[in-house]
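Structures given as structure tokens follow.
There are two complexes below, and they share chain A, which is joined by chain B in the first and by chain C in the second.
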Partner chain A sequence: MTAVAVAARPAVRGGAWVVYRWELIKLTRQVKAQFVMGLCLLAPFLFVVALNAQSNVPQDTLFGRWVHDTGFSIPLVVLGFAGQWALPAVTSVVAGDIFACEDRYGTWKTILTRSRSRSQIFTGKALAAMTFSVLTTVSLALSSLAAGVLLVGRQPMIGLSGTLLAPGHSAVLVLTSWATVLLPVLGFTGLGLLLSVASRNSVVGVGGPVVIGLVMQLVSLVNAPPIVRMLLLTTPFGAWHGLFTAEPYYGPLVQGAVVSVVYFAVCVGGAYALLRRRDVTGS
Partner chain B sequence: MRWGAITVIVAVLLGVSGCGSSGVTNDRLNRAVAPTFANLYVLQQSLRGRKVAAASLNPRADCGRGGPETADSGAGNDWSCTVTWFNTGPNIAVTASYQVHVQTNGCYTADGDGPADLNGRQLITAADGATVTNPLWQFDGCFDTT
Partner chain C sequence: MDNARPAIEARDLAKRFEETVAVAGVDLRVGPGRVHGLVGPNGAGKTTLLTMLLGLVRPDAGSIQIFGRDERRLDGVGGFVESPRFYPYLSGRRNLALLADLDGGDAATRIEESLRVAGLLDQAGAKAGGYSVGMRQRLGIAAALLRDPKLLILDEPASGLDPAGMRDMRALLARLAAEGTTVLLSSHDMDEVEDLCDDVTIMRTGRVVFDGSMEQLREKAPDPAYRLSTSDDDKAVTLAGPGLEVRADGDGLLVHAQQDRLDTYVIALGRAGVAVRRLELESSALTALFFRLTEEDA
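Then we have the complex of A and B:
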């Protein structure tokens, strides 16, 4: 009787927005979210201080040999590192836990008996996780650009075709490059959400995307048909290279955007379908 | 039934993409290395106090991989390139060698392999007496593999 009444009750309009705001407030109080955000803001400065203390340069990373010559190389070196494992890890810290934590604390029954529908709760939580991913990525981008410009300087940069890029142009290209990784970052957020819902386990939700990202990295190092590289969610993290040549090429950017959107749609759609059908009364 | 369909789709995709082919080819590498070298050569010469126009260099790169038996395609650190350009007059061709490490994502690192005066040293003395990084010692670049 009660169950029928709950099912028939119309969901409150604008409920997803309330859930979203509430999840954001929860995130700002979480130590791990604060820690990750702080790390994104501080790490680039510590990185540049460490680089300035020695004469060695990270030559094996693109633009790594110019870290002492121009500050614009710093955000690109950071982007090269971050795309390998840091961004998938940062984004899944929240995304992989945001549903699984309700399982851990056994609070599904509590929140699903409030006047919010399952889709409102799903939308609110997913949007909160996406907001966190975007904010941390933007913070890391701005902080590494600031660290480079303030601690190294705004000298012209040598692009990937050997031409000199003026400081203003370099700054625009750096910010554009960071903007292009937002899509694969959200793809990994979707993956974290899916694993969080499917496994009901935070360890799988947070660690899963990192492991999958590392496996994709390994696969992308092997000489394989282009289709294999194209289907990996880690490939779009390097699509910005084409912006720095004398004749820019955009093929990898277009391909990367499509692949990221497909990953995101499949993962978030799958997570939603799983949550809709879940029986929480037994848990 | 479902797995059969997936297998067919994967097989078709692999067939369409030309199974075994790679996005890294010697043609693409040639076209990336030659202009990059020319631009950096102009930069190095201007550091040394000599004005050179990139347009007059007519650079050409000839890149190959491993021995004669190895196909000239795919990522690896056994690529080598010979760059030829025209320096002081249209009839005088000059060459330089590079060991090249090409990655699967289309980015490469070229490591100078002679002549020593051109690309053998990490640091060179600029026209104003300052010690600067030699842009031709090692350089990075990327090309489109899609």
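Then we have the complex of A and C:
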């Protein structure tokens, strides 16, 4: 007998694009994706309405004490909450399910016996999950900024060094802060993809990144060595704080970007290798 | 496509799942334009063999050529293994549109025709999640036809269909075969295989125990078996003449005989005052051979 090499199906031009397009179409048909997107758009407004109905403010949260004074503090408070668990949860809703759902529906055999290679299917699905992650993050950012500006106002805000930041500058810093979390969001997306492929189980794929994120939060709360904290995927979610000092510091942003990219590359590479080698059996 | 080449040529295929040997050194050759049956009991390795042919499972050893190609290209190949499955939140037609896009080319232009041929045109707008097993089977056939296949690989395509659906499915396969499509068909049902197939491969515990034409299989077939109940089974056993094997088997008698010998035997029973209360075919000659090949000790 001779060992058989992995049979690579010849690529069809534009194959990944077709898969990507269909994954997006499928997402628009799924209630969970609609719900999450709707939540990202509405939740900040509900949050501001709830804050306006009470005199207390979330003082323990960065910029929380100014939620009644300037609308630009709202997206930063939301970002502080979201970075702890909401963004990992929101991104993993799709990333953790996008491969495992094929096992749940039993459709791997249906799509893998068509004219697209596993590489193209993986690429299309991974891109769709990344698109969803970016879109939900951007939606949450814009929605919370809009909610703050519309329901509280566009008053100048006070930076972390006590300097007054003009509304235009505040808006730029807010949007930049949200932009900095896109990389760790994609890191969690990669983690969701890996768990989705490896576990073949949507519960593990969706819940796993959230649990891992919470564990990382716990590790960062205990007296872990700085190197450990630096290597946690949750740490980059707070790297934007340095943008709001009189002398901005970018070291955490660079470190966070590197950590996020490494997480993403390792997780997505691992998921790809697992899918390529997988025997698709069972109904 | 070169018609002289076999549609499928698999040599020495082997696959093991942990401690279980699913396929052990199987050779399979399916000629172009032939309808080839793949039969065997549960666990014989049929589905594993089909999944390897479709590139879903990597063989541990051996080689596969589809239309003479070494690489696992599925151009011109359609089919499914086990029950075909679809996205439940999309309609049948939308599922086919997705698959047609994955296929590329002009597959999308064949959606309506495939639905019509599979007998699913009226239900194509409904979500696939509400489909019965039989409707999913029909949608699976429609999905296979989208590819305008030169080779159809089907795993128990009549499974889950009602009698009318089974009749339609057989008619469809017969028509496709008549048009020159090569069909590899796995089945539990020897009658189905006998009706449809030119050649047959019988598997047992991962190995091929018969491979040849239906004529060659019929030549090897033993006498068919009949279930017989009489007013006096003990006496009926003593009346068995040459060319008959009659033995008590729980619920009456089991008779192995050719049709003409059986006729003579029944007449003899009547003349001897033994009334025949029930006589029915227990297993056809091919079914009897199937059992012999797949149940005898290795």
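Basically, the second predicted complex is superposed on the first by the 271 of 283 C-alpha atoms of A that agree within 3 Å, B and C clash if a C-alpha of one lies under 4 Å from a C-alpha of the other, contacts with A are read in each partner's own complex, and residues count from 1 in each chain.
Keep in mind that, in the parts below, a residue touches a chain if its C-beta (ideal position, glycine included) is under 8 Å from a C-beta of that chain, and two chains touch if they have at least 3 such contacts.
Quantities reported herein were computed from a predicted structural model and do not represent experimental measurements.
K.L.:
I'd like to know which partner A:Phe244 touches here: chain B for first, chain C for second, both or neither.
P.N.:
In the superposition, A:Phe244 touches chain B alone.
K.L.:
Using the touch definition from the top, say if A:Val49 reaches chain B (first), chain C (second), both or neither.
P.N.:
neither
K.L.:
Considering only the touch criterion stated at the top, classify A:Ala273 as touching first (chain B), second (chain C), both, or neither.
P.N.:
In the superposition, A:Ala273 touches no partner, neither chain B nor chain C.
K.L.:
Could you tell me if A:Gln59 is touching chain B, chain C, both of them or neither one (first, second, both, neither)?
P.N.:
Once the two structures are laid over each other on A, A:Gln59 reaches chain B alone.
K.L.:
Would you check which partner chain A:Ala179 touches, where first means chain B only, second means chain C only, and both and neither mean what they say?
P.N.:
Touch status of A:Ala179: no partner.
K.L.:
Mind working out whether A:Ser220 is in touch with chain B, chain C, both or neither, as first, second, both or neither?
P.N.:
Touch status of A:Ser220: first partner only.
K.L.:
For chain A, which residues lie in the overlap of the chain B contacts and the chain C contacts?
P.N.:
On chain A, the chain B and chain C contacts do not overlap at all.
K.L.:
Given the complex with chain A, which residues does chain C contribute to the contact?
P.N.:
Chain C residues touching chain A: 12, 14, 17, 25, 48, 51, 54-64, 71-75, 77-90, 98-99, 101-105, 143, 147.
K.L.:
List the residues on chain B that touch chain A in their complex, please.
P.N.:
13-14, 16-24, 32, 35-40, 43, 74-76, 103-107, 109, 133, 135, 138-146
K.L.:
Show which residues of chain A lie in contact with chain B when the two form their complex.
P.N.:
For this pair, the touching residues of chain A are 59-60, 62-63, 65, 69, 158, 160-164, 220-227, 229-230, 235, 238, 241-242, 244-246, 249, 251-252, 255.
K.L.:
Name, in rising order, each residue of chain A that touches chain C in their complex.
P.N.:
Residues 1-4, 6-10, 12, 15, 18-19, 21-22, 25-26, 29-30, 105-116, 277, 279-283 of chain A touch chain C in their complex.
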